[in-house]
Amino acid sequence: MIKVAILGATGYTGEELIRLLSTHPETEIKMLVSHSTAGTPIDEIYGNFRNVCNLVCEELDIDKVASTCDVAFTALPHGASKEVIPALYKKGIKVIDLSGDFRYNDVKVYEQWYKDQHCAPELLKEKAYGLCELHREEIKKTNLIGNPGCYTTCSILGLAPLVASGKIDNKSIIIDAKSGVTGAGRGLGIDYHYSECDQNMKAYKIATHRHTSEIEQELSLLAKEDITLSFTPHLVPFKRGIYATCYANLKDKASYDELIKIYNEFYKDEHFIRVLQNGKIPQVKDVAGSNFVEIGLAVDERLNRVVVVSTIDNLVKGASGQAIQNMNLMFGLDEKTGLEAPGYYL
Amino acid sequence: MIKVAILGATGYTGEELIRLLSTHPETEIKMLVSHSTAGTPIDEIYGNFRNVCNLVCEELDIDKVASTCDVAFTALPHGASKEVIPALYKKGIKVIDLSGDFRYNDVKVYEQWYKDQHCAPELLKEKAYGLCELHREEIKKTNLIGNPGCYTTCSILGLAPLVASGKIDNKSIIIDAKSGVTGAGRGLGIDYHYSECDQNMKAYKIATHRHTSEIEQELSLLAKEDITLSFTPHLVPFKRGIYATCYANLKDKASYDELIKIYNEFYKDEHFIRVLQNGKIPQVKDVAGSNFVEIGLAVDERLNRVVVVSTIDNLVKGASGQAIQNMNLMFGLDEKTGLEAPGYYL
Amino acid sequence: MIKVAILGATGYTGEELIRLLSTHPETEIKMLVSHSTAGTPIDEIYGNFRNVCNLVCEELDIDKVASTCDVAFTALPHGASKEVIPALYKKGIKVIDLSGDFRYNDVKVYEQWYKDQHCAPELLKEKAYGLCELHREEIKKTNLIGNPGCYTTCSILGLAPLVASGKIDNKSIIIDAKSGVTGAGRGLGIDYHYSECDQNMKAYKIATHRHTSEIEQELSLLAKEDITLSFTPHLVPFKRGIYATCYANLKDKASYDELIKIYNEFYKDEHFIRVLQNGKIPQVKDVAGSNFVEIGLAVDERLNRVVVVSTIDNLVKGASGQAIQNMNLMFGLDEKTGLEAPGYYL
Amino acid sequence: MIKVAILGATGYTGEELIRLLSTHPETEIKMLVSHSTAGTPIDEIYGNFRNVCNLVCEELDIDKVASTCDVAFTALPHGASKEVIPALYKKGIKVIDLSGDFRYNDVKVYEQWYKDQHCAPELLKEKAYGLCELHREEIKKTNLIGNPGCYTTCSILGLAPLVASGKIDNKSIIIDAKSGVTGAGRGLGIDYHYSECDQNMKAYKIATHRHTSEIEQELSLLAKEDITLSFTPHLVPFKRGIYATCYANLKDKASYDELIKIYNEFYKDEHFIRVLQNGKIPQVKDVAGSNFVEIGLAVDERLNRVVVVSTIDNLVKGASGQAIQNMNLMFGLDEKTGLEAPGYYL
């Protein structure tokens, strides 16, 4: 059994790690670390864990984590991860970081978009970017994962085959993305107050959201050239889900059949990626609660433009599920282990 | 592996049976029966099953069901079940019926509340009422289960310890119950239209809802006297969940501690029943998506009245999860098999 | 034109006062008082007021309020109102208080349920309890209104005809009440976080909610005897609305027709109260956004029990709309002025 | 008083016409026409109208409409309007049509996008396109209004100043639009079933939605050249609101300040259009329930692209409110009459 520690156990990605690992056949959660709730059993914080997991949250003790556990998931706020991970990493245990701190290849990009100095830039070379479908072999070999963001996972997987194909004008990419409210986490804020948030929607951080840079990094790798793109996030009144509607101009005319074939081929061995056929368009409820991604596309022939639509559960494939998929790869397990449950639908 | 057929596979309880069985380690779904969608793969109807289950729905063929499967779940409308089940039952396979047709001990009660003549009253003696926590031994021995209703499961389990204790005035019982919208099923109706249903709530069928009679049957057994009670269902704008607020007058003064001890004792060996301590009151999100039940209580000392609050997921413990729990018992498996996932919370 | 000040303008009842008064033909809002946002235009806080009202919030200055305005609505937290109102009242302007501070006839009841000492008990004799349908004449004569609570308005109006009729056992009253989330106000709290609150419901403060005492005061007056009753509030995931399901044992047998006639008679001159006929049961969306109350009832003949269902918009008839109805009465206007808009329905 | 008939009174736009007209000081509703509910009082269909409007729905009688009323709002399905309107129009009364039948200048565009032959193409020359802010003078002079669609109103008003300014590449326009569920009307459908629709979102009719052609017609007029653009509608789980996120490439570099000044100037006399300043981004709740439009914008300097965000209530400014605004203009009233109420916010 793989022994697991979760740092930042009481945020939503922490909750999802516990939820998913509670039915994972090859893991045992040994430690839940949470400064703010140290001393409290997790099932008093999240009642869904009563009779399932009653571990008591504890303060961070890096020696204890390293001596007790094989892997640590760090579900800490951006900035906090990079203070803790170098010490953990040096102890030799595997670390999967769900923050933005270890996702970048170029520390300057991180520092520019996160407006924060990085204290362990040397680790950025050791890490693998944990988007399993694109970096599987690197993930298997590393001890440090920068687990991708939710918007980024959805956007990159939606656009990857198209960008790799060279069929689009890379300067024309626009991603109009919508997120459920759990993406904002458990912290209180007037924007997430039920009475302010339900029956409402709005765009935010237009042209300035951090995930823009992460999407650009990965699509640039696929394109083998620098890509700059427009990214607009929206807050939408449902709990789970990212929905990305992506636009790009086609270099030459291309039919739906031609493009869908590119997607089918690109993802033909990917269990978690479901490319919809026959013009079918994805919807959030088909993936919510699961590690699956759904992708569909349409061609706007009048404008020679392609529209790709992609959806994931932000907390699962966009965070904790993908983190476990990474763990499975790092420990030589079948990538699907513990992640085969279908979405909730209802 | 237990070979399973689901009749009425495309309703919501059918969908939940597939969802839950897809991670059950001891079953294999062999047949999905649905007249209206015969010929269509289930994952075209419920997209969450893509890459999980792609069985094609088929017309009912009783011989085929009986020769292919060990157990049939009948998730058919009330009235339709009783037309099909006698033939299935005679073939010797186990049948778990999710309709109201085989829940009653007295056919007259059924006929009065369902305003329908029963065509197989002799089977009512063969059946077990599938409320596992109260009828476990009978369930293990029968081949026919009348799987309880959603409101009834929640209400009976909430009140059982109190009624069995003899501490309340049985004439004073009032159940004010609230249901999520999935309880109304997948059929269209103006009341379940999003624009009519969201931001709204209402009571319906006050004093006339069928589940009243089912609750009375079971509580009367526990009380060893006939109980008549008030039951008011409400439609509330969330998807999953039953929430029952139950009132009864105490015969003599009794403290919270005294009453909670009765509950703790009554349910001390029950994995799926979580009695909340220290005055904690249940909430829907702690059980939604799971087979768990949460129960809490309060004593209104000024009035010498007890208020018991109970909550379940209507589609899981209130239908498909409980049906699987019954199946586990009938096949000698650990009752918890395939049902250990915690609730969704988010 | 009646010159109006709103103290506590930036809470939800403040917002609703501004929303409703903005189309009231006989009023002019002169001052918006809010300590926390002094200096900010109201339409920066509530964007719906852009091009409608751009008054700048200001600090409280009692002399200025009294010299500028004819009436002050105090939409302050419980406890804060009673610190401010004596001074305002002495200046001779009319005061309509939306807190719990001036609703009680007996200061001891206030102090017991609010666990706070009252600093102006002498004003309790001057005030009228602002439930217009029951205290219209007193309201016309006073300069100080204790505007009723939301749960209380809904519960009292639902039960008043029955209690006044003497047909029920006053010891058997149970009120199972459900509130939309705006009832909790604009303050942040984990229970009102969208991700925690949507798709959830729960009871709270069973047998201990303050509104219990307010309902008892008014029903006791109608019954001409002391009434003690059970009151259970629930938080339900919609924005606006109170839904009260009330139970009582009938002293003697009584038919639906007999009881509905009592309601029709009791409310025959009341514009804002709509008694539903022919067994129709109220629903929240018919009153949300409006000052109307809907009441329906059912008789449970098997148990000789009556079930009364009542619904209002908590922010309108349960707070700001009723406050304006009181103002209309105090200034000799038609009670309906500015309050005739129908509910939103959608 | 203007005497009003509403044809198609029981759909959602019919309901909103009644709701808004019930507080309009210059109108009197004389006839509600609805084939399917003829004989039923409107307040039995929409309970919010009890004590507000109890007109009985009746069958269509064109002579009666023309002899009784000054104006008819036709809130009929697309295709049905054009069968009725020629007869009404000939009788000389004013007609405001909320369907798509009389919105086009070129009958061929209608027939291509609606896949239906037009039976009264000659009336297209008589009609005014009822987007008040752009066609005010024509509206004042005509007896026939083609009232704009919801997506189109939001999109056109969002982009109009920019297109008129000549600052963008007209071939680069992309509109990513999101609609609340009331936009789909009251008809039943699995996509609008609460349990299928809540907690879900999806795009639909990508590159093929009819409103595309209507937006193109109006923007082409402003650009004085033919515009073809991408339009993607999405169904989002709230009741009221359209939210359009519009993208276009700037021909030359332009700052936020420069562009916002263009908007401020373009809409400087428009009461219902609120251009947000200082980078503020609109949100649905600020306009829901009202006739207001909110527009904000951002410049993506890295890509020299502008993002315009626009929001309206689909049932008010996107349908019935705008229809009343048109009526006001046609009858020489102040355009704002009866439409001054602020949005609901809550």
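Here the chain labels run A, B, C and D in written order, and each chain numbers its own residues starting at 1.
Methods note: contacts are C-beta pairs under 8 Å (C-beta built on N, C-alpha and C of every residue); 3 or more make two chains touch, one makes a residue touch a chain.
The structure presented is a predicted model; accordingly, all values stated were derived computationally and were not measured.
Peer 1: Count of steps on the shortest touching-chain route from chain B to chain C?
Peer 2: Tracing touching chains, the least step count from chain B to chain C comes to 1.
Peer 1: If I rank A-C and A-D by number of C-beta contact pairs, which comes first?
Peer 2: Result of the comparison of A-C and A-D: A-D.
Peer 1: On a C-alpha centroid basis, what's the spacing between chain A and chain C, in Å?
Peer 2: Spacing between the chain centres: roughly 46 Å.
Peer 1: Please report how many Å separate the Cα centroid of chain C from that of chain D, as a whole number.
Peer 2: Using C-alpha averages as centres, the distance is 36 Å.
Peer 1: Between chain A and chain D, tell me the centre distance in angstrom, where each centre is the average of that chain's C-alpha atoms.
Peer 2: Roughly 39 Å separates the two chain centres.
Peer 1: Counting only residues that touch at least 2 other chains, which ones in chain A make the list?
Peer 2: 12, 182, 195-196, 198-199, 237, 239-240, 282-283, 285, 346
Peer 1: What does chain D use to touch chain A in their complex?
Peer 2: 171, 174, 176, 178, 195-196, 198-204, 206-207, 228-230, 232, 234, 236-241, 243, 245, 247, 281-285, 288, 298-303, 305, 307, 309, 346
Peer 1: Considering the complex alone, what residue numbers of chain C touch chain A?
Peer 2: Residues 12, 181-182, 184, 186, 188-190, 192-199, 237, 239 of chain C touch chain A in their complex.
Peer 1: What part of chain C is in contact with chain D in the complex they form?
Peer 2: Residues 12, 15-16, 19, 22-23, 46-53, 182, 199, 239-240, 271-272, 274, 282-283, 285-287, 289-290, 292, 294, 315, 340-346.
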